[in-house]
Structures are given as structure tokens and as C-alpha cells.
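Attaching a single structure in C-alpha cells format; questions to follow.
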Amino acid sequence: MDLEALVACFGSLACVVTQTTSGLIVGLLLFLVAAGLTLIFGVLKIVNFAHGTFYMLGAYIAYSVLRASGSYGLAVLAAGAAMAVFGVAFERFLIARVYGGNVLMQLLICYAVVLIFDDLVKLVWGADFHAMGMPDAFQRAPIFIAGGVVPPFYAGLIAVSLCLAALLGLGLGVTRIGKIITAAADNPQMVSALGINTTALFALVFGLGGGLAGLAGALAAPVRSLSPGMGFSVLIESFIITVIGGMGSIAGALLAAIGIGLLRGFGTIGFPLFTDGLIYAAMILVLLLRPSGLFGREMV
Amino acid sequence: MTPLAREGGIALIVLALLLGAPALFSSPAFEDFIIRLSALALFASSLNLLVGASGMISFGHGMFYGFGAYAFALLMQRTALSLLPAFLLTLGLTALAALLVGGVCIRLKTIYFAFVTLAIQMLFYSVIISWESLTGGDQGLRGGIPRRVIAGLDINHQRHLYQVCALLLVVGLFAMRHITASPFGMTLRMIRDNEARAAFLGIPLWRPKLAVFVLAAVFAALGGVLASLFVSGAYPELADWPISGQAIFAVMLGGIESFLGPLAGSAILLALNDIFTRITEYHGLVQGGVILLFALGLRRGVLDFLRRDRARGEAASR
Amino acid sequence: MTKEGVCRRTVLTAGVASMISMPFVARGAGNAVRIGVPTVLSGPIALLGTSSRNALMLEADRINAGGGLAGRKIELIFQDGKAQPQETARIAREMINSGGCELLIDATPSSGAFAVQEVVRDLGVLCFHTGSETSSLTADPKLRAPTAFRCARQGVHDSIAGGAYLAQFASEHKFNKWATCSPDYAYGHDTTVQFLDFFRHFKPDIEIITQAWPKLGQPDLTEVITKLIQAKPQALFTLLYAGDLSAFINQGNVYALFGAMSVCTPNVDYPVLNAIKNLPDGIQSGTRYFEDFPALPANKAWGEAYRTRFGEYPTNWSWQSAASMMFLEAAAKKAGTADGKALVPVLSGLTIDCPFGVDGRITMRDDHTIIDYAIGWGHTIAKPPFITGVKAADWGQIIELETAWKKQQGYI
Amino acid sequence: MKLEVRHLTKRFGGVAAIDDVTLAFPSGSLSAVIGPNGAGKSTFFNLISGAIRADGGHVLIDGEDITAHGQAAIVRRGLGRAFQVARFFPTMTVRENLMAAVAAHRGQWGDLMRRFPPPGASPRAREIAAMLGLADSSDRVAATLSHGDQKLLDIALALALEPKILLLDEPTAGMGPEERARMIDRVQHVWSEQKLTLVFIEHDMDIVFRIAERIAVLCYGRLLAAGTPAAIRGDPAVIAAYLGTEVLAP
């Protein structure tokens, strides 16, 4: 516990700016993963425990595309597109076969997929950890805002993630298909009652979720270590975010992600040794007091 | 013959076979396998008391497996208690812990129950990691479980440990079988089938739910004790959430509706793991592939599949 | 009744199936010495396992080409313990009990090593631990096993050597304000405390102004990095390693952290160097495995042979595993047998010629842990050989302080 | 036993689902509750049986106020209930369903000392099955029963509690004419044999006017009228509410 340091930090604009941006960067990348997780749960009532695999594959694909083409933009797009396709295939060929069964059967399939792809990554890219390296365009000195440090790459990441969040919100709120997805997340029976093709809808939701996780992996690749199994810790954190924000709620996931990012950002100064315990405790409290999450609707 | 007598007879025969096996063929590998199987099978069967018998899906059951392992190893290392009191105290402490955790969790239903158990397990795991002075943190409780020979029984000796495990496995499974076949077990099934109806038959739902939660935790701890004896210590991996996953997968592989499903699933899971880690470094790939084949091919546990297949055959021939 | 009938039948089938899968009791081909190697071949530290495996194969081939261990060829059996103690203990037992292995080379991290230690205590076979650096494994007489040896660097040695080097470095640059950043688990906490103890022993006037504890494998270290930068220390000591260290350096670069403070770590090794795109100059680092230190032709040749054969650089675990084979070779030669139990007394106190010794020699002390291996500190440069100006640690000083530490811990 | 409600009120949001209803069902009577969809009939039953809590008013059994009692306590006080959508235990056979219910009623639900069924449960289950004409299906798994048999099983489960008051929520819902006749037969049979105070919700006016001794009409949560079939048939308020539906024609 170092509350003194925390108070001192809140007293300095530079510290607040720096820790807030670092909290945002942690939170927003998690949001991209969590958004897919929460959508999939909302619409299909499936906890996709293979979601971390999407993130991992996104990062590795971006790594290889960047090496081959030299273009980071292309690498990010390729990773997103590839994982969207992968998401659809995953739903069609595996998950779709056990709809209506025990939820634990879906869990078993996700587990098998995680095992398989962790090993495939090891087979293709090797057991050692890789780093993509900073793309040339972002190799420049940090920006200073009110004395706080903000690296240009991170400023870019925050902007891109916020844009994606806004696009997602807009897409779900305004377009017809978006409205259907939102409606389905609220009330799955209604959608089939309306005569909407649920097969296509489910595949689409998995594609969207996979694409977002792939993008997150690609966006994180320049600064994070790539290794087989790297999806695991990201999965846990996005799962927590999804639960706290409310399974099925995009807005909830965004707020929970930013909240956890900021808790990390300032927790590391004030109480570095039990930020994790605090997050778990928050999750338990939310579940007990409001099981459907801060923004979720009660599932009957 | 009553079912009780018949099952008791079968249990005794199996126990006699297991205890007699080393006299016929001495295979330390077989003994190791049974020791590990007994830990996992008791744990998985205890999970099925919740999942299969009561319809309460828990993602955090591994917490009690870990609790049992740590409580037992700590009691043996830190106190002068002899084997049996330490063992019984471990089960008692687990029941107490489960009463607290269950009291909080059973208010929630379906997937939220699963989530909150998982969240509590995560918290429990992070306490183990952080409370280094008691638990050794990530390095676990090292240095072995002290030898305390009672009545000629030395559980650090592999043969003796094998005998203890075989006994506890058979007795534990028999006890769980009895629970599911008792009126109480039927009450659990009523709750699983239709909670609202059960409530309107005058059953105060929270009591059987809490009771089965505590019972399942105690049997999981029994498995945990055996695991800690096998590794002669306790490690945080025994309390982490992948261990809950192990039990879930054993239950799903073997069959949720058959009482011996979790036992069969545990045997399959361990055998797959043992074979594949021996022949390839890419065991995850092969194991994942086989599990996918099981899951997509049978769409239910092996025993459930065989049973239903058989039932269908009978219906056709009728 | 039919329900139970079917149940019973299927369980019998499952039982038989799993019996068939049981390992049959195997023996090595001819009179080969079969060595079981429980290691880590999956998960985040798989690289340590594969690089140990490489080194062991390299040495086994060399020894076999020269006639083997007391005339018997070496056969290595590798298996993945998945970095889980219970799994590692299982395969270790199985290797001995039914895999036909006569001895073990345990290339697993500490959690695995402690589990294997109990198996070794139980089965009484010869074992080399080549991964665990946790001092208590051999220093604590309660934990020591009579037939187990550690052939790996040891935490307390590194702490003393590092403390001494950093004290000198701090004095030269007048760095008194330090920060630490280590993984939030027992190794990170204990070793940081130990390092700081010895650091203060040599330079009492340092001040630790902040400490950061990222989680092991935490993908994003940003908030930790910005916290460190805010605190404005003159120098930072970190125990992050492997993927976490390379992530830290890559993410630190984004914030120009390396311009803001001097960074010191014992853990820069070849895989880390490999995964860092823009290695900053001037990181003070210990040598985990380094081809140019000790600057012996044998060391350089060994590193080159490894690189040629496997197409990658060796790790710290590589040399530790290789050294265990060298000890085995020397002991078998001296005793004229490859029988594990007979080798135990020979190994105790044995000194061998070894490319990884600071003077070309390493000794297996009678408390079953090695000394006189290469410990040095230098600083990084952006181009090969990446680390330069390496100064060797003073083993006289290390042993003196280690003895004092053992007394303080009540080990002797 | 006599069942009474006094000034019973329940609001959902701002809307009163049950609004100040006062009614009495004399001991041993056979009464119907009717009303258009959304009249609050099921809510009325839920309030009486303690499944939901009232906002105001009282429920009395033989003059004893049970409004504050929980569901389990009300069951013990002698009130049984069957549901609009049959509620039973689909994976068990009919016999097991009934034996489990009997065991629960006898307070043996927590018994760990013996195997299921506890002694005495089986003959009692057979009795109940026979009473409802389910004896032939005793060994069938409940999920495979016909819709009508499932509704009968639901009632049978309620009867296992040896209730003095029985609430049936649309016992003939979703049935064909033949099944309906069989069901009504059974219901009347059970009522007369067990000397129950029986209250049922029903949409089929033929049935209502044929068998009910007393009828209560609910409309938008309010009690519109209550009395004998003849009185109800002539009640102008009821005719107004059902205007144009012709169901009241004799």
C-alpha cells in the first residue's frame, strides 16, 4: 500500500495524464477482445473460451504479414480479416454442431481448439517468443501533454480503438443488422420469432467477434511479446470485463474495460500488490449484487 | 438382492481386485496410474454431484481440490498431527469453507452460479499466490509431506499409498453413488429437472443445494488430499482454474448422466495425456484433435453414448 | 439393471483400454544408459526446454562418439511436464519406474524441480537439476536429497555478484536513487530482497524510491513503465526475464524509458536479444549464457557448434544442461561405471574442465551445487556481440558471503 | 378448508394486476375463475400460493392469515397447485415423479440414510396414479407422455401433498375435445373423492358452467362478479365485459 504516492500522483497533472493514457491503452485493447466475447455470449449464450486464441492468431498473422510486406496497416487489416473468417469457420464447423446441448460441451470444444492452436502456433512460428517491433511510422519521440508522456503509437492506438468502439456502437445502433444483433442479445427467442435467419446471424456474430479479437492482437503486436499461449491471460481479463460490464452489453464492456485499465494505471502506484485481488473481488460483488452485470439485462 | 447390497458387493470385488493386483503383477506404473486416477476421478465425480445430479454448473470446483491439497499438506507440515486426524480435519475445514462459499453462491442460478464460483476460485488462487509466508506462493509447499507411519502404514511408500488410494477411490465412489440414489439424491434430481415444481412440493431449495455443494466440496478435497500425497506437497496449479477445467472435461468425456461417467472420463483423459506426452512434444495438437472427435462425434460422454445407443438398440428389437 | 449392466461393461472396457496404454516396462537398447529428461516443451517457457534438449543431444552425441559412459551409449528420453509440478513428478516417476531410465536430468523450473526432488528422495536415483535457481533446493539441508545435484546457477550467487557489480556501477555514476521492477511472485520478491540486501551490503547509501510488481506474463506493462518514469529514479533494477523482459524493453522504448534511467538486469540473454528490435545501449546486464564470456576458445566453439546444428542461440539452460552431461561423463570415467548410485560419491566435490567455468573449470561442491561457473556483468550495445565490457565476478567474495548467508538462514 | 382473500392487491410497475379483490371459496366447493386474457387470473393464483408477494390485502386459510408465509409453509398448510404449463420432472418415470413428491411431502427429501424410494412411498404413488388414470403409464419417462397426461401428472404431483385446497391453472389448456372431457372427468372425480376445495381457471365456458358451483369473474385485475352460474349468466356487468363473445349463451 502506498496511498501517499497515489495522492501525490493525483496532485500532479503530468502523472494523471500519463497513468490515464496507460490505463486507456490497456483497457481499450482489452475492450476489443471483450466486445466480441460479450456479443457472442449475448446472442448465442455461449462463453467462447477460445477467444484468446483469436487474439493470439491475430498477433502472429500480423507479425508475418508485416515481415513479408513491410506495411503495418496491411498487417492489421489482414489479421482482422483472417480472424473474422476464422471466427465464422469456428462457429460453422465446430460450435454449430453442439447447439442446444450442454454448455459444458461447448466448453470442451473450446478447450480442444485452444490446445490445437497453441501447438500449431508453436509448430509454425516456434516455441520462442517474438516481437514485431515498432513500425517505422511510429518511431518518433513521445508527445508531452501537460507534462505527461504520451507515445505517438499509443495515441494512435487509443484513437483507433475508440473509433472501432464508436463504429461498433453506431453499427449496432443504426444499421438493420446491428439492430437485429442487439435485439438478439436481449432476447434470442424474439429473433427466431421474427423469422430472421439465425444461422447466418450466429456466424456473423462469431465473425465480428473474431475479427475484433484479431485486430486487437495485431494492434498489440508491436509492443507485446508473442508466444504460444499468449491468449490465455488476455482471455481471463476480457472475461472479467465481460462479466462486470454485463454479458451481452457492449457499452458495459467498454466502461468496464476502461475502468479496469484505470484501476491498473493508478493501482500500480497506490496498491501494486493487490490490484488483481481487487478486480476479482469487484467481479464477485457485481455477480452477487447484480448478476447480469452493471449494464446487462437479467437473463431469464 | 437390493441395489445397495449389489453395489456394495461390486465395490468390494473391485476393491479386492485392486488390492490384490500388485501380488499378481508388480507394476509401479500401474500403481501410479491408479493413484492419479483416484485423485482425478473422485474430483470429477464430486463435480458431477453438482453438474449431473443437481444441474448446478460450477466453473470453480477446483478451488476445493486445491483447498484439500493445501489444508492437508499444511497440517502435515506445520503440526504434529498424525495422518488420520489431519485427513479428517482437512475434510472438516473444507466443509466449513464450502459452507461459506456455497452460502454466497447458491443464491445465483445457471451461468451466473458458474461465473461466481469461478470468480471465487480466482480470488482463492490469487490468495495462495500472494500469501507466501503460509503457502510458499507460486513455489508451493515444498519439502515433502513428512512421513508418519501409523499401524504399519507409510503413505510415502508407493505401495501403501496405492492401497490407500484404491480404498478411498472405491469407498468415495460408493458413497457418492449412495448419495445420488438416496431420497436426497432424488431431491437433487427434482431441482435439476424443475426447480419451480420442487419448490412447490414444499422443498426449501437452498438447503439441498447448499448441502450438495458442501458434500461435493468434501469429495473434491478428498481427491486433493490424494493429489498432494502423490506430489508430496501442494502447488498452486492444484488450485488454479485449469484444474476445474480438467474435472469438467473428465465429466463431459465420460458422460454426465452415467454415475461412472466421470471415472471413465478421468481414465480416458489421463490415458490420452500419458500416451501423447510420451510420443510427441505436440501432444496438445493430438489431444485436442481426439477430444474434438469425441465431442463432435458422440456429442455426449462416452458412457452416455453407449447407454443411449444400447437403449435405442433395445427399442428397435422390441 | 440393464443400465448398470452397460455401465459396468463400458467401465471394464475403459479400464482395459487404459491398461493397454500403460507404459510397458522398457529397457534401453542393448546396454545403453537411458537418461530421463522431464522438461518443459509447451507453454510460455517452452524455449527453455527445447534449448535444454538441444544441448543435451549435442553432448550425448559427442560422448557417444567418444565411446559413451564407461562404454555404454547414452539414450535420452524427453518428456513434457508442462511446467506443472504434479505432471512433472508423474513423468519423472514413470521414467524410472517403467521407462527404463536409470537416472534423471531434470530440466524444469523450480516448481517442477521441487516436485522431482521428492520423487528422487523416494526412488533414490541420481538426478541433476539443470533449471532451478532457487537456492534452498540444495542449500537447505531439509530440502536436499542425497542423490540429487544442482547443475545450474544459484540465486544467492547471482545476488552477490550482481550486488557487487551494481554497487561499483552506482558509485561510479553517483546513482543513489533506485527503483525495482520484478515479477509479482515468490521468485521475484525473494530474489529482489536478496539482491537489495547484497547491494546495500556493498553500498549502504542507496535509496529505493519505488517498486513495481507486474504479474508474470502480464501482456501489457505500460502502467508499470509510466509509473517508473514518473518516479524519476536514476537507475532501475529489474528481474523480469524472457518474454516479459523483451516486452518491457520494447514497451519501455515507446516511452523512451532507457533515456530516462539506467537499467540493470541479470537476465538479458540471447532469446531476449533476439526478440528486441531496437536494443538500447547501456543496459547493465549479467551474462546468462554468452559465447564471449568466459572468453575461452572452448566456450566460443561450443556456442558455434550449437548454433550451427540448431540454427538458434543457446540459452542459460543450454549450458547448464550441457554441463550436467560433462559432469556425468567425467564421473563415469573416474568411477569406471555408469551406475548412478556409484557415481553419487564421485560427483560430490568433483571438479571438471568445462567451457562454462570462469577459469575453464567448474566444481560440484559437496553440498551438491556447482560453483566457479561464469558470472559476469557488462553492458549492452545495439550490434553483435550485444554485450560488451564483461567483468567476471569474484568467486572468493561470493563464497564468503554465501557462507554468511547460509549461517543467517540457519542452514549451517 | 375455506379459502378467502381480502382486499388483495398487486401492482406491476404502475399497473394493478390484482386490484382490491375480496372473495371466499367455501370448504369443499368447486369454483371457477374466469375472465378475458390479462385479467390477472394467474397472478391471482401466484399471490394465493405465495409464489409472488402481495402489495396489500390478505389471504386466509380457515381464517388463518397466510399472506406473509413462504411457498413451502403454504404448501404445508394444505394448499396444492398445478400450473398452466405442466411442471413435473421430465427425466423421471411417472412413478418416480410421484414417489419423489410423496417423499418430499413426508419431509424425507433430505434423507441420506437409505435408498430411494423410502418405504411407503410406492403404494401411495400407485394410489395417486390410479386416481388420475395414470396407472398404465407408471413406468414411462415423463418427458414422453402425451400433453394431456403431462397435465394430469402435474395435478397428481399436487395431490401427493394431500392438499385440502387445490388450485388448477387452466387444466384443459391446449387439449383436444376428447382429452378435455377426460380431464374434466378426472378433476370432478378427484374433487368429490378427496373432498377438496377446488379452484380452477378456465377459458372454456361450457366446462365452467357445466361443473362449477361458483364462478368468479376477473377483469383487468378487478372482481367483476362472483356467484352461482345462474347469477353470473344474468349479471349485466359480466355480459357487458363479454359483449359479442356469445360464450355466455346457454
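Every chain is named by a letter (A, B, C and D) in the order it is written, and numbering of its residues begins at 1.
Here, a residue touches a chain if its C-beta (ideal position, glycine included) is under 8 Å from a C-beta of that chain, and two chains touch if they have at least 3 such contacts.
Everything numeric in this text was worked out from a predicted model, so none of it was measured.
Listed here as common contacts of subunit A and subunit B: C.
Number of steps on the shortest path from subunit C to subunit D, with steps defined by chain touch: 2.
Relative to the C-alpha centre of subunit C, the farthest chain centre belongs to D.
Contact tally for A-C versus B-D: the pair with more C-beta pairs in contact is A-C.
The distance from the centre of subunit A to the centre of subunit D, each centre being the mean of the chain's C-alpha atoms, comes to 51 Å. Separating the centre of subunit B from that of subunit C, both taken as means of CA atoms, is a distance of 35 Å.
Once the centre of each chain is set as its mean CA position, subunit B and subunit D turn out to be 43 Å apart. For subunit A, residues that reach two or more other chains under the stated contact definition are 118-119, 122, 273, 276. Residue positions of subunit B touching 2 or more other chains, listed in rising order: 283-284. Of all residues in subunit C, those that touch two or more other chains are 41-42.
Chain pairs that touch, as defined above: A-B, A-C, B-C, B-D. Partner subunit B is touched in their complex by these residues of subunit C: 2-4, 6-8, 10-11, 14-15, 17-19, 21-23, 25, 41-42, 78-80, 82, 84-87, 89-91, 93-94, 97-98, 110-111, 114-115, 117-118, 121-122, 134, 136, 140, 142-143, 185-187, 189, 216. Only residues 2-4, 178-179, 181-187, 189-190, 192-194, 196-204, 207-208, 211 of subunit B touch subunit D when the two sit together in their complex. Taken in their complex, subunit B has these residues touching subunit C: 6, 10, 27-30, 32-33, 36-37, 129, 132, 136-140, 142-144, 156, 158, 227, 230-233, 235, 237-238, 258-260, 263-264, 267-268, 270-271, 274-275, 277-278, 281, 283-284, 302-303, 306-307, 310, 314.
By the touch criterion given at the top, residues 45, 47, 94, 97-98, 101-105, 107-109, 111-116, 118-120, 122-123, 236, 240, 243, 247, 273-274, 276-277, 280-281, 283-284, 287-288, 291-292, 299 of subunit A touch subunit B in their complex.
Those residues of subunit B that touch subunit A in the complex are listed here as 51, 57, 104, 107-108, 110-112, 115-116, 119-120, 122-123, 126-127, 130, 245, 248-249, 251-253, 256, 282-285, 287-289, 291-292, 295-296, 299-300.
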